[in-house]
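Please find the structures below.
Two complexes come next, and they have one chain in common, chain A, joined by chain B in the first and chain C in the second.
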Partner chain A sequence: MDVAQFFSWLNDAHGINFSIFYDPFDRDRFLAGLWTTVALSVICILASIALGIVGAWAQGAKSAVVRAVAQGYVQVFRNTPPLVQLAFFYFAFATLLPTVRDSFGGQAPLISSFGWAVISFSLFAGAFNVEIFRSGIEAVPQSTIEAAEALGYTRLGAYRHVILPLAIRVCLPALNNNLVNLVKTTTLAYAIGVPELLYAAAQIWSEVLNVREMMNVLLVTYIALVALLVAAMNKWERMMRVPGFGQ
Partner chain B sequence: MTTGHHIGRPIVVIEGVEKAFGAVTVLRDINMTVSTGETVCIIGPSGSGKSTLLRCINALAPVTKGSITVDGQQVNDPKLDKLALRRKVGMVFQQYNLFAHKTALQNVMMAPIHVLGQQRAEVEERARRLLAKVRLTGKENSYPGELSGGQQQRVAIARSLAMNPSVMLFDEVTAALDPETKKEVLVTIRELAGEGMTCILVTHEMGFAREVADHVYFTDGGLIVEDGPPADLLCAPRHERTRAFLDQVL
Partner chain C sequence: MKVLLTPRIEGFGGSRWLKPIASTRALAAVVFVFLASAAWAQAAAPAAQASVMSVLWKWAPLIFQGFLFNLLVSVGTMALGTVLGVFLGLAQVSPYRGLRRAAWAITQFFRNAPWLVLLFYAMLILPFQIGPVALPSWLKAVIGLSLPVMGNIAEIVRGGVLSIPTGQWESAEALAFSRRQILWMIILPQAVKRMIPPWMNQYAILTMATTLISIVGIQDGLTMTRAALVAEARTDLLVPMYLMLLLMFFVYCYPIARATLSLERRFAVKI
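Here is the complex of A and B:
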């Protein structure tokens, strides 16, 4: 008996219906949702790290305007709920943008719901990443930065080659935490109809009426996704480890 | 007693320098001329402004008044080309300040590659030579955290030398070291001075100053109290304040 046969039997014999394991249609919907969640997570992780690096640099900029913009960004996106941010982008902001003609001759929004989810979650997690990177940057001794300056490094050069590599080592555990949170936050995209995991699961359970089973599948899937991320982050942490530093 | 090498034209010229942090004036009317090949020691009690003076020379701290020129370049020019200045001036710090995430060899190689854009292979060859010169052959791949204080300080010296500076500033570079490792660093500096590198040292090592310096300045309360050849200043100080200080440290 293979996997599909086993789950088909489980449903017939006991009424425990994991349709995604024996029904190809449900399986494909579920995998498409999983793929969307993974894509959304990976893009947001990378974008939020980039935002964190740039934002932490801007927080220490010479220009008061640049510093104020960075600070304002952090305050707005850290102090409001991510679901409200997402709704604001999708329902309040997106409607101000022009539409484009799609391939069927209809009107399509300029940015898809997936696009808004990417923008919204990247900005949300990025705001936390700015503060996380700042904590790492502040742990780099001023005297080390001076040594770089004395060697002729510009502020940007010192940031790139000295400050950031040292800061990242200090703040990796905190970054790890925030990225785990980000992966879980992607479920909010459900609210604007992005066909991610939760959306796919909800579609399946409302048709197949297997809410309890799909809830379990969802939990296990997210545990696996986060475990993968944590394993990758731990590997990164080990790769970055320097003998005699930070121990 | 001097190292007996050739002393050339003036390279660091300090005229009427004053430096204040807010209401606190830490340097007053400092005048000093250092010529190429010369080794100058600045001694004096803590808080007398010695380190600040060194930091002013390579523009880590701006002067409030007066002028400093390095090889003809005005340091307190608002349009100062900092890179040009810092190519000429190497600096070694009390706390070594190595880049902890890079090996000894990488520490030496970084600035020539990143700042001067030199070829990696050529820089690596020079870095290995410099590490050999400071007697650290075999430690190329060690991280700063794996090296003793004296070894780290010698990497820091090699790191500065990799930029081919005309002047080296040493800011109490042995103050954090135990007597044994102190010696290995001082030997390295003495060799540098002997090869004709222009060296300005802030130091508490009176024996070293007497042996290696061509000229010694005694500072107190932000002023140069007196200066002269080490034999005169350290053995027969003219000033009461100098005598009291030397009595305490010798």
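Here is the complex of A and C:
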């Protein structure tokens, strides 16, 4: 008995309906949702890390205006609900942008719901990353920065080659925490109709009426995704370890 | 350095490093953006329509009511989550290995599952009533949101208890305190002080997460905002209306973040 037959039998004999394991249509929908969630997570992780690095640099900039902008961005995005941010971008801000002509000759929004989810979550997680990277930068000993200056590094050069590599190592655990949170936040994309994992699961359970089974599949899948991310981050952390620091 | 290497205990590791800026200045900036967007929407609107500010003023009480419901849910969830989380956290430092392992697994599970999925779980799996007691949907939402809060509070409690030097345990044992006495009379009173800042941080995160209940069909601030927008059916209101809701959350959560920060500074362990 193979997997599909087993779950088909489970449904017939016991009424426990894991339709995604034997119904190819449901399986494909679920896998498409999983793929969307993974893509959304990976893009947002990379974008938010980039934002964090740039923001942390801007927070220590000489210009007071740049510092104020960075600080304002961080405070606003940290202290407002991500769901309302997403609604604001998708339902309100998107209406200010021009539409484009789609392949059928109709009007299509310039940025899709997936695009807005990427923008919104990257900005949200990026605001936390700015603070996390700043904490790492503050932990770099002043003497190290002075030594870099004495060797003739520019501010940007010292940041890129000396401060950031050390800071990233220090703040990896906090970054890890925030990225896990980001992966969990991608479920909010459900609210604007991005066909990610939760959305696909909700479609399946409202058609097949197997809420209980799909709920458990969903929880296990997200835990597995987070576990994968944590394992990868821990491996990275070990690879980047500076001898003589920590245990 | 040492403090930085253990940030999983503190919820969001970042908050304690916030640099102080005048909170009034940040608030003024946000209000300015809000007013500017309203003014800009006003300038773009045809003259015959009611002004944006007057429409916002008209709907503000309703949206604020919805926002108050968010706060109510956040308080109820925090209370339930804290009670459950304290027991789970103490189970994680229990002398019994089996209990410790089980509590650890439960904590990790609820910390790492998405809030929205847990909320759906509670909304769809919990029955409409348990025996004679009816379970209204807002109560189910409170239970659903308190699960991840429970996991995070458990970590905060565990971190707080483990941050107390072993010497305290040993000297209390030497004075013939029982384990329960040591925990309640010596360790926890010291640990509570260190647990307050991350606990407040968790509360701010929870308050922002309460908007999720609008997705599962409970009328909160976000639902009210949407309803007002549908009723007015004017695109120029979209940006100011959502900004107004964002502003309400910001005004509530930002002072909490500031207070958390100053408490963390005051309780910081000098190394």
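Convention: the second predicted complex is superposed on the first by the 245 of 247 C-alpha atoms of A that agree within 3 Å, B and C clash if a C-alpha of one lies under 4 Å from a C-alpha of the other, contacts with A are read in each partner's own complex, and residues count from 1 in each chain.
We adopt the following convention: a residue touches a chain if its C-beta (ideal position, glycine included) is under 8 Å from a C-beta of that chain, and two chains touch if they have at least 3 such contacts.
From a predicted model like this one, the values you see are computed outputs, not experimental measurements.
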- Message: Should chain B and chain C be called a clash or a fit once both complexes are overlaid on chain A?
- Response: fit
- Message: Tell me the contact category for A:Gly152 with respect to chain B and chain C: first, second, both or neither.
- Response: first
- Figure out whether A:Ile16 sits in contact with chain B (first) or chain C (second), or with both, or with neither. neither
- Message: Quick check for you: in the superposed arrangement, does A:Val42 touch first (chain B), second (chain C), both or neither?
- Response: neither
- Message: Looking at A:Ser143 after the superposition, I want to know if it touches chain B, chain C, both of them or none. Which is it: first, second, both, neither?
- Response: first
- Item | Partner chain in contact with A:Pro82 - chain B first, chain C second, else both or neither | second
- Message: Looking at A:His161 after the superposition, I want to know if it touches chain B, chain C, both of them or none. Which is it: first, second, both, neither?
- Response: first
- Task: Quick one: classify A:Leu219 as touching chain B (first), chain C (second), both or neither.
- Result: second
- Message: Which chain, chain B or chain C, ends up touching more residues of chain A in the combined arrangement?
- Response: C
- Note on the structure: Shortest Cα gap between chain B and chain C in the overlay, whole Å, is 13
- Message: Based on the A-chain superposition described above, do chain B and chain C contact any of the same residues on chain A, and if so which?
- Response: 245
- Message: Which stretch or stretches of chain B touch chain A in the complex?
- Response: 58, 60, 82-83, 86-87, 89-91, 93, 95, 97-101, 110-111, 114-116, 142-146, 156, 159-160, 163
- Contact residues on chain C for chain A in the complex? 1, 4-8, 12-19, 21, 26, 29-30, 109, 112-118, 120-121, 124-125, 204, 207-212, 214-215, 222, 225-226, 229, 235, 238-239, 241-243, 245-246, 249-250, 253-254, 257
- Message: For the complex, give me every residue of chain A touching chain C.
- Response: 59, 71-72, 75-76, 78-85, 87-88, 91-93, 95-96, 128, 131-132, 134-136, 138-139, 170-171, 173-174, 176-178, 180-181, 183-188, 190-191, 198, 202, 205, 211-212, 215, 218-219, 222-223, 226-227, 230, 245-246
- Which of the residues in chain A end up touching chain B in this complex? 141, 143-144, 146-154, 157, 161-162, 165-166, 169, 240, 242-245, 247
